[in-house]
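Paired with chain B in one complex and with chain C in the other, chain A is shared by the two complexes that follow.
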Partner chain A sequence: MQRHSPRRSKALLLISLAIGFLIPLAGVAQTPALPGLGMNQAKKILSDLDDLGNFPGKDYSALFTIVSEKPGEKQSVTQVRVFRRDSKKQFTILIMLPEVNKGQGYLREEDNVWFYDPTGRKFSHSSIKENIQNSEAKNADFTSSSLSKDYDIQKISEASIGKFPVWVLDLRAKNNEVPYDRMVLYVRKDRIMILKQEDYSVNGRLMRTTLFPKYVEVEGKLLPSQILIVDEINRGEKSQITMAEQTVEKLPDKVFTKAFLEQVNR
Partner chain B sequence: MNTILPKIALRNLARQKKRSFLLGGAIAFGIMIVTLINGFAGAFIENVSENFAYLMAGHVFIQGSEKTDSGRRLHVIRDGSLIVEAVEKTALPYSFATKSSEVAAMIIFEGKSIRQNLTGLDIANSTFLKERLVLKQGSWEQSMAPDALILSEKVAGKLNVLPGDRVTASFQTITGQNNVADFTVVAISVDASIIGSVMTYVNLDYLNAFLGMKPGEYMSLGFMLPNLKDASEFSTALYESMKNLGMGLFERSAQDDSGSATPFQALMRNQNKETWEGVKYRVFTIDDVLSQAKQIVLALDSSSLIILLVLFAIVMIGITNTFRMVMYERIREIGTMRAVGVQRREVRSILLALVAMGGLSLIDFGMDSPAFLIMKNGHLSFFLPPARALFNILVISLLTILAAYFPARAAAKMTPADALRTMK
Partner chain C sequence: MPVTLRIAFRNIFEHKSKSLIIGILLAMGSLILIVGNSFIDASRTGIEITFSDNYTGDVFISGISPEGPVSLFGVTSVGGLAATPIIPDFEKVLAILSKNPQVDAYSGMATGYGIVTKNPELSIDQTMHAVGEEDDPSESDPSFRFFFLFGVDPSSYWTMFDSVRLTSGSLIQPGSTGLLVNEKQLEKISKWMKKPLGVGDTLVIQGFSASGMKIRELPILGTYVQQGEGAAPEQMSFVDIDTLRILAGMTVGSNEDIVLMEEQFSLLRAADEEIIFGEDLFGDDIIGAAPAKGSFDEAKIQAQLADTKARDLANTADTGAWQFLVIKAKDPSRTNQLIKELNLSLKNEGIEAVAGDWQKAAGPYGQSVDVIRIVFTIAIAILSIVAIIIIMNTFVISVIERTGEIGTMRAIGAQRVFVRKLFAAESVVLSLFFAIIGALLAIGVVALLRSLKVEAGNPFLAILFGGKYLSPYITVFNFLGGIAGMVAVGYVAHLYPVSVALRIQPVQAMRND
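On to the complex of A and B.
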């Protein structure tokens, strides 16, 4: 299997989280403000969020820029162009930065993932179920999770984030195969927009806080354009993901082929 | 025994010390290069095998694998009693068995982090670990603490930790959930090897609790054998014994389509395609894991033989030329010897004894010299299989004698009158 540098693996983790997990969560439904929130309504929010994360019958593409900061280390910048076609479980990722990895890419179709390295002009294959070596990311992270299917709502409360009143949904995993055993979502009351998300370990330690400060509207859907991930275990480590050029326009079929990855490097 | 001929050969050798030394030096240099390549190649595989055996706590391993409804594979042995029964039925000896669990973790301390393999062992009762791991700081007594952690000095340096410091490890449970555990650094070990520096040891039960395993469960059972060479026989017998007990087993002879993977990788990949219920076991050896390393050694050995032949093709030309010169320098002496009744065969023998004495003594020098360069307890080590050394000596001796044979035969064939008349 192809080995990855820790830096690129970190980038992959962030990309995977962004395209496979965070965006679905961070979708925004244009629903009216809710005066109070019962359990059924809270479940409906989760279900809506699951639906909003998918682009049925449509494609998705964007330019992701990931800026990672680690204490005592230089800031690292990774830029990738992402193409998704959920209806066929396909994605293509092209690495634009850093320069040393430029031209490398990933292609997914069903359970297969191919990595392309322009230096050797070769593809290497792995399964969606195999780990991305040397990283916290798993290829399975690229698949979207289902909040309503995987989590129970343990508790509903109210709070404020900045000037926005939010519902605080405390979720517990229904099974032990989802990445986080507990998640706390801070959803805006007026638009069911996620502003903050906390992920907890199996033994209840806060591992990561994710903030969604900026959104853009794409064909009637509000999608986050900036995500800030703060590592709560290793204090001082954080990443900022900026998504630009987001579109759900139809992509040519050739984008999801090996030939495309080879062609863009010529 | 005729001692006159070797004496004459020795005298002739001593007459031209500089030339003899240069000629022998060329032979010695050639054999030294080849010996070095063979020696490092041999040491490489020996060291890698030994290090892995030490790091993985065994020569033969058994791992359990379960498949969940969602298709996720869980690496866990929940009940090892059947394995123990299977081992007892083989009646094959082993030095000790070690239960272990391992997970890739990020160890974090005050803003610094490093990726390590956390290996859970029963540290208090692990005699092999105490024998092999040299502690630089801290003590084994403190390792009795449940949350004890022993890491290498290189890693300790990177994290800037000392015994007594509390570190946090972030990893995934056997079902893939993120989890966090705190450990206390109780000891810092001397870096045994490059591979050793990625290993961090913790207590098995403590680690298992955070990995989502119940008490008594573990991931791998390793058997350390009296000799690495017994691994294949032991694993085959154990596999058959487990099969006879009706235990679910993965095919051992699995081969990857590309042919590039090690048998262990092929085994793992084939498992990804399989579906099964309950627990299935895989049996593998250090050799299965290290087969690619062995291929490198094989390639190095083959290359060294080619280098040996090329070097000696060059050296042979030198030897032939030198002996033609020796023959012409001694031509009147040869003529005189032949005139007083020395036989052709004896003249040839004198010249061949000359090359044999000079060459072989320096072959020995060439074989021995690399030994001075090798550190005994450092990372650089040297092992030359005796059979390989003998083979090298044989090849070089034959080539050297062959190179000297033709000038010697030409000298022996000369008639005494011709030899005495010749002025060169």
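On to the complex of A and C.
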């Protein structure tokens, strides 16, 4: 156990990253290990990852704990409950920690986002387009991306991470709708699960490294339960996201309403 | 009149066309220099008066941030997320001010940012419908929704500054809660909300700071127009200090500790990925047990959010917290001395705060004056180099034409120094004459520009103009400086041609003639 001080810098960005971007990537196919990987098989892995990250007809909810580190500063902690319904492009986020922001909520439906502050008992409204214009968040951080649709495989190689032999898939963006021009995925050979992801800018600079060292199995699908995001531009800045209470059970419709944010704060 | 001067005058009149070309260049140079400087002076003075008279006083004290310089607009930092520091040991700082005889008055302040939100009471469907039919052209420039909030101490602020003229309602009084909004901004918000707004109505403001976002519904206490013709943005609104503190995250409990489980931060401790994916951290399998099945439990979430004691405390305004102190000096001409004294006192007391002038307080606005000056200086430097080259070239032609004359003078005993003096006199006389003409023209141009009352159509021009109207003025220093600068250009330009002339042997020169 350790004591930490909360600070909310970049917390929302990390939440959006985690719910909109990482989970769809982290699906897992129960494919046997391949002796060598051809282009077609690599493409199959990508489309499997896309398919398995979606939960058709189901919802997703979890409790995220985000601990961020910055050199010379105390660790900051944010804990949020996340509710997702991709079929209607809806999500609800409830802030549980830090205390100063407890009960605050975000509700998204299509391009609209509402923010609720229980201390003022009021909502504010904005559109995703507005937010993206003024932040470092990218389109794909808020919408599910599709690896096979957005990326071409440039190169396939082999390596190992820790004790795991991995396929290294070097991907290049097909369009400019994705946040990073180049992405390198390290996919475990025996169970085809992503262990590591590197994101590169257009000029080839490594921007961000993400590790997926821990998964849980929910209704036959593997979901990451711990993620480490390392900012490669600002040395020493990194965040750990821990997902608990993950479920893909159907949620009541009212979870995605303004009334829900008000009710849970009563 | 010395002989060199007489010959110089004679030469100028004998070579009228060349003299005129050089003269026009020099006159243009002094005209541009003087008019340009009159713009910069007007801009600097305009912004200085606007800020020092209306917002910052003569001296400005703030806390120190490791992220960058602190101004009324917050910390100028990369990414712009740094929290504005609170002045530490505020009571001690007040004691320093009360002891200094040069301090006339002072007031505590804090600033923050907010955005007004529309239709907070509508349901999702209603809001989406409203958004769908949005065709308001003002949406293309949503800057009117933005608030630069001044949290002021009403007991001292209004007596120190008369920056605002009330058009309705009242000023913020001690103990009152609400907003004093710029009348023009409120008009734009009314148009956007499609309903008339005035004193007594409320605005829902979402404040944002490094510690998160807060929403407050605030009554409009009054509307104002800005006194004078300053260059301050119309998004400036005044708000009671406690509301500002909440919106800006200046709360008593914002340093609470959170207890975490080891597994929630263990990855941050791991030295590298080999350890993370090795056997030690998670054992043989990285796939953990499935979480227990359970249906959605609203009551459980409600219970987790039910205890709001810590939140209430964390959202209580820290009544002792101030970001800035604005100070009026008894003798504004001695401001720099006062700043030195205050900084020395702060240092001696070991207080992490710093005093500065209006330019420090104005932050990006103050820096814009420097940027304009630097750009102008670079432009003038480039122009001067071009002018020197053209003048030099013309002088060289003139010297070559006069090779025989120079040779004759040298042959009958004129020393090199005499020839040098002759050309120096010629260039200085020419430069001085035309630089003065240019300077006089500059006076005319500036007078014309002032009489035209050109209005600044946008915020950038308002900074450039130093106010609502273009009102450049010429100081004695700039007038004389412009003339001296062009004389220097003329003098420098003649050096090379003279050295060419002096290389010619007298015998050869006379033969060529």
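The rule we apply is simple: the second predicted complex is superposed on the first by the 250 of 266 C-alpha atoms of A that agree within 3 Å, B and C clash if a C-alpha of one lies under 4 Å from a C-alpha of the other, contacts with A are read in each partner's own complex, and residues count from 1 in each chain.
Keep this in mind: a contact is a pair of C-beta atoms (placed from the backbone, for glycine too) under 8 Å apart; a residue touches a chain by one contact, two chains touch by 3 or more.
Just so you know, these numbers come straight off a predicted model, no measurement behind them.
Trainee: On chain A, do chain B and chain C fit together or clash when superposed?
Mentor: In the arrangement built by aligning on chain A, the partners chain C and chain B clash.
Trainee: Based on the superposed arrangement, let me know which partner A:225 touches: chain B (first), chain C (second), both, or neither?
Mentor: second
Trainee: In the overlaid three-chain picture, which partner chain does A:170 touch, first (chain B) or second (chain C), both, or neither?
Mentor: neither
Trainee: Just to be sure I read the superposition right, which of the two partners does A:203 touch: chain B = first, chain C = second, or both, or neither?
Mentor: Touch partner of A:203: chain B, not chain C.
Trainee: Given the touch rule stated above, what does A:262 touch, chain B (first), chain C (second), both, or neither?
Mentor: neither
Trainee: I'd like to know which partner A:48 touches here: chain B for first, chain C for second, both or neither.
Mentor: neither
Trainee: Who wins on chain A residues touched, chain B or chain C?
Mentor: On the superposition, C touches more of the residues of chain A.
Trainee: From the options 20-28, 146-154 or 362-370, pick the one stretch of chain C whose C-alpha atoms clash with chain B.
Mentor: The overlap with chain B comes from chain C residues 362-370.
Trainee: Does any part of chain A touch chain B in one structure and chain C in the other, and if so which residues?
Mentor: 6, 72, 127, 130
Trainee: Which residues of chain A touch chain C in their complex?
Mentor: So the residues of chain A in touch with chain C come to 1-9, 61, 65, 67, 69, 72, 75, 77, 81, 94, 96-104, 107, 109-110, 112, 114-120, 122-125, 127, 130, 161-164, 195-196, 211, 213-218, 222, 225-226, 228, 238-240, 242, 244-247, 249, 251-252, 255, 257-258, 260, 263-266.
Trainee: Provide the residue numbers of chain C that touch chain A in the complex, in ascending order.
Mentor: 66, 81, 115, 117-120, 123-124, 127-128, 131, 142, 204, 206, 210-217, 246, 249, 251, 253-268, 270, 273-279, 281-282, 286-291, 293-296, 298, 301-302, 304-305, 308, 310-312, 314-315
Trainee: Give every residue of chain B touching chain A within the complex, in rising order.
Mentor: 68, 70-72, 106, 108, 111-113, 115, 168, 170, 173, 175-181, 210, 212, 272
Trainee: Residue numbers of chain A touching chain B in their complex, please.
Mentor: It is residues 6, 70-72, 127, 129-130, 134, 136, 138, 140, 173, 175-181, 199, 201-203, 205, 207, 233-237 of chain A that touch chain B.
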